[in-house]
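Quick one: the structure is below, and I'll ask about it shortly.
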Amino acid sequence: MPQSSTAALPSRDDATAEMITAAGDFYRFGWLHGTSGNLSTRLSDEEVLITASGKSKGALTPDDFLIVDPQGKPASKKGPRPSAETGVHMAMYKALPEVGAVYHVHHLHAALCGKRDFKQGYTFINDVEMIKGLGLWEPEASARIPIVENHHDLDELARAIAAHLNSEDFDATVPGINLRNHGVYAWGKTPAEARRHIETFGYLFEYSWLSPMHDAESQAVRGFAR
Amino acid sequence: MPQSSTAALPSRDDATAEMITAAGDFYRFGWLHGTSGNLSTRLSDEEVLITASGKSKGALTPDDFLIVDPQGKPASKKGPRPSAETGVHMAMYKALPEVGAVYHVHHLHAALCGKRDFKQGYTFINDVEMIKGLGLWEPEASARIPIVENHHDLDELARAIAAHLNSEDFDATVPGINLRNHGVYAWGKTPAEARRHIETFGYLFEYSWLSPMHDAESQAVRGFAR
Amino acid sequence: MPQSSTAALPSRDDATAEMITAAGDFYRFGWLHGTSGNLSTRLSDEEVLITASGKSKGALTPDDFLIVDPQGKPASKKGPRPSAETGVHMAMYKALPEVGAVYHVHHLHAALCGKRDFKQGYTFINDVEMIKGLGLWEPEASARIPIVENHHDLDELARAIAAHLNSEDFDATVPGINLRNHGVYAWGKTPAEARRHIETFGYLFEYSWLSPMHDAESQAVRGFAR
Amino acid sequence: MPQSSTAALPSRDDATAEMITAAGDFYRFGWLHGTSGNLSTRLSDEEVLITASGKSKGALTPDDFLIVDPQGKPASKKGPRPSAETGVHMAMYKALPEVGAVYHVHHLHAALCGKRDFKQGYTFINDVEMIKGLGLWEPEASARIPIVENHHDLDELARAIAAHLNSEDFDATVPGINLRNHGVYAWGKTPAEARRHIETFGYLFEYSWLSPMHDAESQAVRGFAR
C-alpha cells in the first residue's frame, strides 16, 4: 500500500467512534438493511480498521471492528472476520493513496439508478447544488458517477474495481463508484469526508431517480409515460 | 415440536433484549404501525418467547413478552395474551426444526408486491446484490418469494401456512413468506438472522416495486404507463 | 359532555406521558411538520387534557398541555392557549361518549387521498390486513373513511364535524375522519387505541395512494397513466 | 443592519440549543445530507450566530457555531469558518428587519419543485390546510413560493437574493424562497418560527410534487402520463 498522503490519520478510538456514529445514522436512513454495507478507515500505512462481517449496523460496538493489513489480512487470528468486501476497500486504498476512509452502503436509489443507467456506464448529474457535496465546486460542474459491473465473486469484484481505478477512463474528481444493482462506494481523505460523499451520493441518486416524474422530455427518453 | 437443530438457543433475557431492539428499529422504519407485527424466539424445544397481543412495538418492555408451548398455549395463566398470530409462528417452528426465531412485520411494499404479484404466486427477485441477505450466495441466485393467500381466521391461516411449508412447492432456500395484502414473515436460525432476513425482504420488495418506474419493458408488462 | 362510558380514565400524568411519546413518534414519522396536529385525552367528564397551540411536537413537555372543559374553555386563565382545533376535539367527545382520546396528525398521504377522493366522499379500503388496526375484525371487512369538507373557520369546522357525527350517514365503525386537503382525526377509547388508529390510517392512506401504481385497471379509473 | 423589530432576541445559549435540536431533527428527516444546509439566529443588532462551514448537522455542538457581524465577518479570528452561504443570511437580515432566524435545508422535494416550476418563477400552493404553517391564515389563502435562480458564486447569489427581497415582486407574506435546483431558505421572527416555516415548506413541496400522480388534469399539464 503506498504511503498515505494524508497528514494526520485518526487513532483507532477516533475512527471507531466516527464509524459507529455514521453507521448508525446510515442504518436509520434505511441504507444498511440486513447486515449490508461496510466501513473502513486507514489508521497507518500498514493498518486499516474495517467493520466485521455480518453485523447489524444500527448499534455497532468497538468489538465489531478489526484491523487488516494492506492485503486485507486480519492482524489478529482471534476476533471477528473482516467484511466479505474487504478486498474492494483495499483496492481503493491501494489505487488512491490520498484516501483515508471508504464507506459502502446499500442506498436503494443507488441500486435503482445503477440498474437504469448501466448500459451508458454512468449516472449523469448536473445542474444541482448538491453536486458540491462531492467536492465539485467549479461553475457548471457535472459528474458521471461510474457504474461498474457487479461480480458475484468478491475477489473478482476487487480486481474489476482495481482495473477501473487504474484505467484511463477513471475520473478521480468523482469520489466513488456505483456497483450495478448493488450499491455505492464512496471514499474520502477523512472519515468525515467519506461520510459527506456517501450522503451526497444518496441525495443525488434519489434526485436523479425522481426528477423525471414531471418531466415530459425525460419521460419520452425513459419510456416512463409513453 | 421437533427438536431444534440449533446448537445454542438464547436465554430469555438475551432473546427479549434482541427482540426489543429489533422491534424498535422496525417500528421507526414504519414497518409496525398500529400494533401490527409480532416477533418470537425459540428458547427450548418446549418454549417459544413471543410478543404479547396488541402492544405498540416502538418501546416494548420485558412484560410485553410471554412464553408459549409448541401448541401456542401460554405457559402461565397470568400475564398478557399472546399475539393473535401465534399459531402461524408455531406452524413455522414445527415445520422447520432449524428455525430459532420468526419475525413478522407490515412493510408497506411487501403488501403492495403481494397484491401486485398474487396471481403468479410469488414475487421474483434476481440480479440484485441484496439477495445475498436472504442467504442466497450462489452466482446468479434468484428467489421466488412465495405469496400465500391471507385468511381472516387465524387458525385457518396457520393451517394454510403449515400446508405451504409441507408442500412439494415449498422452496426452503427462501427464508420467509409473504401473505397477500398482509405482510411478510421471515425466519432464521437465530434472532439476528431473522432480523437480517426481515430487513432484506423490506429492501427487496421496495426495489421490486420501484424498479419498473423507469423501465419501458416492465411498464408494458405491468400496464404501468400504457 | 355526556358521561364517558370508559371505566378507567387515565391520570393527568399518565395521559401526558403517553401523548408526549406518541407525538414524538409521529413527529419523527414526518406526520407533525411545523406545529401541526393536536392530541387530547379525556381525564374526567369535565376535563380534557389537550396540547397547547403552536408547539413543535417532537419534544413536548408537560407544560405544553392544558386542561379544558367540555366547551373547550381552559380551566386556568394562566398557562398556554389550547390548540386552535380544540372545538373539533370537543365535538368528538360530545358526540361519541365512549371516546377517551382524540389524535390529529398531518399525514401527507391522508391529505393526498382526501384530495383525490373528495368527490366520492370517502376513501374506500378493503382487502388489506391492516384494516384490522381500525378494529374491523370481521371477514371481508371494508371501510369508507369519510372525507369531510375542510373549513377555514375552526368553529365552523367543529360544527360541520358535529353535524357529520350526528348524521344518518355516520358509520361509527370507522374510528376517525379525514378532512379534505388537511389531515386525519382518529379517536379511541384509550390513548393507546387512538394511537393505533392514527398509525393504521397512516398505513392505509399510503397503501391506497401507492397501490394503483402497478394496477392497469385502477390507472384507467384514476387517469393515472392513460 | 437595521435595528431588529423583534422585542426579545435569544441568548447565545438558547439560540445554540434551539439550532442544535432543529438541525438534528432536520438531519434525521434527510434534509441535511452531506454537510449541506445552514442555520442562523440574530442575537443583537450587531451579532448573528451561524453554523460553521462543513459540519455534519446530525449532532452539532456549541463549537460548531460562531458569531458574525452584519457584513458576515467573524467576530473572532480564531474558531471555525462561517457557512459559505453566510452572505445569503445577511442579505435576509438586512432586507427584513423583523427576521430573527434564517434556516436553510436541502429538502429533496424543494429542489424537485424548484426544477419543475422554475420557468413560471414560483411553486403555486393553494387549497391545503398546511399553508397556515407559513402564517397564511386568511380564507382561500394561496402562496407563490418564489424560485430564485441559483448562482455558483455565493457573493453573486447573496446579491441576487438581496435584489429579489427588495424588488416590487417580492411578496413578504411568504416567509422564504426556493433556490432553483438547490433548496429552500425560510426565515422567522424567532428560531421556533423559522423551524415551523422550514418544516411547512417541506410538507408543501412534497405535497405539490406528489399530488398530480392521481390527477388526470394535472398530468396533461405536466406531461406526466399523457
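Should a chain be cited, it is by its letter among A, B, C and D, assigned in written order, with residues numbered from 1 in that chain.
Convention: a contact is a pair of C-beta atoms (placed from the backbone, for glycine too) under 8 Å apart; a residue touches a chain by one contact, two chains touch by 3 or more.
The structure displayed is predicted, hence computed values, not measured ones.
Annotation: the chain A:chain B pair of sequence copies touches via predominantly different residues, less than half of the used numbers being shared. Ranking every chain by how far its Cα centroid lies from the centroid of chain D, the top place goes to B.
Note on chain placement: the centre of chain A and the centre of chain C lie 43 Å apart, centres being C-alpha means.
In whole angstrom, the spacing between the mean C-alpha positions of chain A and chain D is 30.
Shared contact sites, meaning residues of chain B that touch two or more other chains, fall at 28, 225. Counting only pairs that meet the touch rule, the chains in contact are A-B, A-D, B-C, C-D. Looking at the complex, you find that chain D touches chain A at residues 27-28, 30, 33-36, 56, 58-59, 106, 108, 111-112, 115-116, 150, 152-153, 179, 181-183, 209, 212, 222-226. Taken together, the chain D residues at the contact with chain C in this complex read 21, 25, 28-29, 127-130, 133, 139-140, 192, 195-197, 199-200, 202-203, 206-207, 210-211, 213-216, 219, 225-226.
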